[in-house]
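Note that the chains take the letters A, B, C and D in the order they are written out, and that residue 1 is the start of every chain.
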Amino acid sequence: MILKRITILITICLFSIGLLISCAEKPPEPKKTYKVGALFSVTGRTSFLGDPEKKTAEMIAEQINAAGGINGHNLELIVYDTEGDATKANLALKKLITQDKVSVVIGPSLSGTSLAVLPLAEQHEIPLISCAASYKIVHNEKTGKPYKWVFKTPQTDTMAVEAIYRRLKSYGLNYIAIMSVTTGFGASGRGELLRLAPKYGMNIIADEKYGPKDTDMTAQLTKIKGIGPQAIINWSVGPTQVTVLRNRSDLGMANILFFQSHGFGSRKNIELAAGAAEGVLAPLGACNIAELLTAYDVQRDVAMKYMQDYKTKYNEPLSSFGGHAWDAMYMVINALTEIGDDKVKIRDYLENNIKGFVGQHGVFNYSADDHNGLTDKAFAMVIVKDGDWSLAD
Amino acid sequence: METISFTSQLFQYLITGLTVGSVYAMVAVGFNIIYNVTEIINFAQGEFVMLGGLIMVFFHVGMALPLVLAFPATVILVTLVGILLDRLAISPIRQPSVLTLIIATIAASILIKGIAMFIWGKDPFDLPAFSGRNPITVMGAVIQPQYFWVIGFLIVVVIALSIFFDRTIIGKAMSACADNADAAKLVGINVKQMILLSFALSAAIGAVAGVTMTPISLMEYDRGAMLAVKGFGAAILGGLGSFPGAILGGLIMGAIESFGAGLVSSGYKDAFALIVLLAVLFFKPSGILGDIEISKIKRF
Amino acid sequence: MLQIAKLPIAIFAALIITFPWMAHQIPVIDHYADIMVFVGIYCLITIGLSLLMGYAGQISVGHAAFFGIGAYVSGILTTNYGLNPWICMIIAMLITAVIALLVGAPSLKLKGHYLAMATLAFGIIIFIIFNEEIEWTGGPDGMPGIPGLSLFGFKFDSVDKYYYLVWAFVLAAFIFTANIIQSDAGRALRAIHTSEPAASAMGVDIAKFKIIVFVYSAVLASLAGSLYAHYLNFINPSTFDLFFSIKLLIMIALGGMHNIWGAIIGALLITFLSYEWLHYFEEFEVIVYGAILLLVTIFLPNGLVGVPEMLKSWVRRKN
Amino acid sequence: MNRLAQEHVLDVQGVAMTFGGLMALSNLNFQVKKGTIKAVIGPNGAGKTTLFNIITGSFPPTKGTVKFKDEPIENLKAHKIADRGISRTFQTIELFSNMTVLENVMMGCHTCVRTSFLSSGLKLPRSHRKETEILDRAMKVLRFIGLGEKINEPADSLALGEQKILEIGRALASEPELVCLDEPAAGLNETETHVASSLIKAINAKGITVLLVEHDMKVVMNISDEILVLNYGQKIAEGTPEGIRNNPRVIEAYLGGEA
């Protein structure tokens, strides 16, 4: 009996500990700040997305505050780590809304977590700018229109796939093999590759997969080699996209045209591939290839500045995923500057006033029918040449 | 368009499978060394492999030490981690039930992973191949020179271990602990020391696996867990406690994955290996080479 | 005699009932009720697992799969076929029971690490199926648009309403399980744990008991899965991966395996740690989490429920 | 001594057991008469415990039949055999160490009174009634074996002699027709041995048939009605204590000059 009572006591203690921790962390009451929430997968298996996003968003918030804030208002960025987990993303968004009382949310980083929190944003009527690829985030299948409160900055997989297919078509190639990693990123790209193939007259003669922690893809590539496609398209992120390249070059398949997804957008990948990336093509956004852009390109200045700032602050090469957070952050900052921190006004501003917004991943034009706002120009086809990017044309 | 004949394809699957399987086998051997002395499965075994790879990158690439120096230095450092693991996480537990010990190793693996993330960050690292990256073609199948290093080191580890357990006094003492810890205590063997040694030894083998596989597949901080699962599968498939079983189990797992990916469905390749594992267990509950009588004596 | 005292259960129930109100009084823990919904969902799983592991002594590293089967069956049947969620929940439990029976019958003949591996393998295979059968499950991106729950026109559409729904299930499962533990069946389970030969000499059908408990814990996990799916209105495979199975194991071990209260305390602590408290450590989160786990296993080998016992014996030694 | 009933409660016919080529029992035939005490003796490794394990269903014999009340039981699982009315103790004590004395005996009632998972989970009146019934029976047994005072102590805190007694009590709780006692006096001091022997006699007096393996010749000669002698898995003698005491083959094989 006593034992059980003590057990109960401990339970109460646990609650109190939680309470204390929460109290201790309570920030001093700010004068007047604009609160922006962010959900990124900073750690866990999809940290390659969330980590650069968080760094970018924090860097921008710092810069803005150092320059005196937004019309004198301090910008408070509240970042929660979702770890790529739907439950955590759900809890964190509710906390941002009810507790932190932010006026707009950036993220989540993944299509899965974005789809998971999307109903919440609609229900609580808070503008959310997702940093994930899937077109489903801004396309309500029931109405055929975007969700009212949800926007997104990254190019959809559709655009990347179309860029690749157009290129293949221009080469007159149509027998292709696709490879994808069995994560959200890979599966969503694979889905679009399969869906759009008939439209571009592509024959997918091999459809191979591998796990995100696989150490070797020789078996999949050997099978592809046996089938003999004209080109291979690989959809993955992280170390596997490098391993694929190495295995491919070992198998003497370097002469088969090879496309990577837009997930390939980091110079580190070229470096890690140790020569095996030569001749590989990938559709990339402007921020990956700032130096390659012509002086006339509207994106050149923003991309160069971002690249240099990021390198100076974090001493590591830029990842294109950070650019999605950059785009979302500056859209929000523009909105806050123009109309303050009212949720409804921010939403309306995003939908009506983001026109010709020059971002890292393209020039955005949001509208009531388009909450992604990018055209296929958002991708440039890039080829790896002498260990660096170069425009494919 | 260059293609490849079906037999060459099969041969390629086999080679790839055996190489991947060799890594699993080394992890499985590491599991067995500790299992034999303590009856626990050390789920931090995969972290030894990860540390082996990343520390080797630090010595060989970061500090530009030559291979012959960097390799042993890495193994020694990871062995120290193994010793620390035993001293800090395993031996302080006073009334150890097998499950408590396993949870302790899981906790330790999370801790090691966290520290590795803190030190190396989240990006993958590369290591130059020991003898270049120019592949050799055999029967139409392509073999990276590094494959030979992986398989070669597995053989070295096997021979070294069998000499150790059969020919040396310490090795025999360890085998005695494995057979009957109480009896071993009675004849004056320091069981605590043997447990420490088993952790050191399996950490060293983990390090070897990590060093040799990194040039093929890169290495990053969170690779350990999946390797531990695969290695555990290999150890169970072969029969816990049996070294030939571990090697057989590892190679079979690698081969099934490779053939499954190549011939059937790459999306389900991991499932094939596990289905085979389940099928074996349902027919032979102690694994391929496991001894059912011995497994009855074990508490767990 | 093993008796689970009624007073703590009553106090616990009272705490649970008043908690949302208490939380809403204090702004900083206002959202704790939301986290408690998930604690409740995980408690449903750990209560069953505690009976399986702590009392019957059978390890399972595959319960995330049953959790997932519950969630996916509910998700698929409600979104694709428009069936009533409650009926789907029951269908999900039936399907899970059949799968648990098919998997459990051969697996539970295995012992120790072999059983752990078999359940682990089963869990991974199910996870791969969730990932690969994109037409049914939506693949890695997940399955959005799962409807919420309502009963006779009453919608469980707020955190607090769902909180009471989930915890009503938890309390029912807790009392049901506690009754089993205190009955002849519970004794039989503990007998199996200590000595299988002696238990069978007492007429205990060991295979049957193990399977019943395995199926029971799987069905509870399935119920938890359905509740999860209808609360989040979204599911994706990574929620049901191997690491979640291991997390469940950690909950049980940390709370204390040989006591059903351990299941509750473990779920409570781990959920709050990983969803709330560790957040403040940012990049050190993983290190702190690992360190806490390690320290608890080293210093509290019987879990948190063992603390009173330890204190008692410590006091006794002092005197 | 009780010699009223003459029908056979246990009938072992042609039982043989080999373990991986090793012959543990070969072509063993014997019967146990209802209401008697029969002892099985023999040197170590004679196959006594193997015989017990076959009778109680730990494993089936390689050859032969075991009939309990004229029904074959050799292929039944242990728990089925327990249900039929054979209970046992173990050579190395196999108490449920995580339970109290009372709970151990209550566990023994499992064969007679058991509740379904569902009804005990829902705490239906039925399961409550049954639990009370189990409790009553267990208390009766505990008073009978003389451990009525120690019901709430953990089983593993008892002295060795009491643990042996408790194991017998647990076996009795199932109200068996035949109890198989595997070395009930092993490791006990003289007083404890005396308690154990009188308990066995008292059990027999209730009409329960007893089959026991025992090394202590005093106990065996003192309480048994019949004795079966095994050596190397074979029966070398069977008969009354008097007859065995004077059987030259037994003396040669086992007793030496002791008896």
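FYI, a residue touches a chain if its C-beta (ideal position, glycine included) is under 8 Å from a C-beta of that chain, and two chains touch if they have at least 3 such contacts.
Model, not experiment: these values are computed from the prediction.
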Point to revise | Where chain C and chain D overlap in contact partners, by chain label | key: none
Study note, to complete from the structure: Nearest to the mean of all protein Cα atoms is the Cα centre of chain C
Point to revise | Between chain B and chain D, centroid-to-centroid distance (C-alpha), Å | key: 49
Point to revise | Inter-chain centre distance, chain A versus chain B - centres from mean C-alpha coordinates, in Å | key: 35
Study note, to complete from the structure: Whole-angstrom distance, CA centroid of chain A to CA centroid of chain D, is 72
Exercise for review: Averaging only over C-alpha atoms, locate the centres of chain B and chain C and give their separation in whole Å.
Suggested key: 31
Review point. Which chain D residues sit where two or more other chains touch them?
Key: none
**Study point:** Contacts with two or more other chains, residues of chain C listed in rising order
**Key:** 128, 131-132, 283, 285-286
Point to revise | In chain B, residues with contacts to at least two other chains | key: 117, 267, 270
Review point. Which chains touch which?
Key: A-B, A-C, B-C, C-D
Review point. In their complex, what parts of chain A are in touch with chain C?
Key: 1-8, 10-12, 14, 18-19, 21-23, 25-26, 42-43, 80-81, 84-88, 90-91, 94-95, 98-99, 111-112, 115-116, 118-119, 134, 136, 182-184, 186-188, 191
Revision key, fill the gap. Listed in rising order, chain C residues that touch chain D in their complex are 1-2, 176-177, 179-180, 183-188, 190-191, 193-195, 197-206, 212, 216
Exercise for review: Would you tell me which residues of chain C are touching chain A in their complex?
Suggested key: 4-5, 7-8, 11-12, 15, 26-32, 34-35, 38, 128, 131-132, 134, 139-142, 144, 159, 228, 232-236, 238-239, 261, 264-265, 268-269, 272, 275-277, 279-280, 282-283, 285-286, 304-305, 307-309, 311-312
Revision key, fill the gap. The residues of chain C that touch chain B in their complex are 53, 59, 106-107, 109-114, 116-118, 120-122, 124-125, 128-129, 131-132, 242-243, 246, 249-250, 253-254, 257, 283-291, 293-294, 297-298, 301
Point to revise | Partner chain C, residues of chain B touching it in the complex | key: 35, 41, 88-89, 92-100, 103-104, 106-115, 117-118, 225, 229, 232-233, 236, 240, 267-268, 270-271, 274-275, 277-278, 281-282, 285-287, 295, 298-300
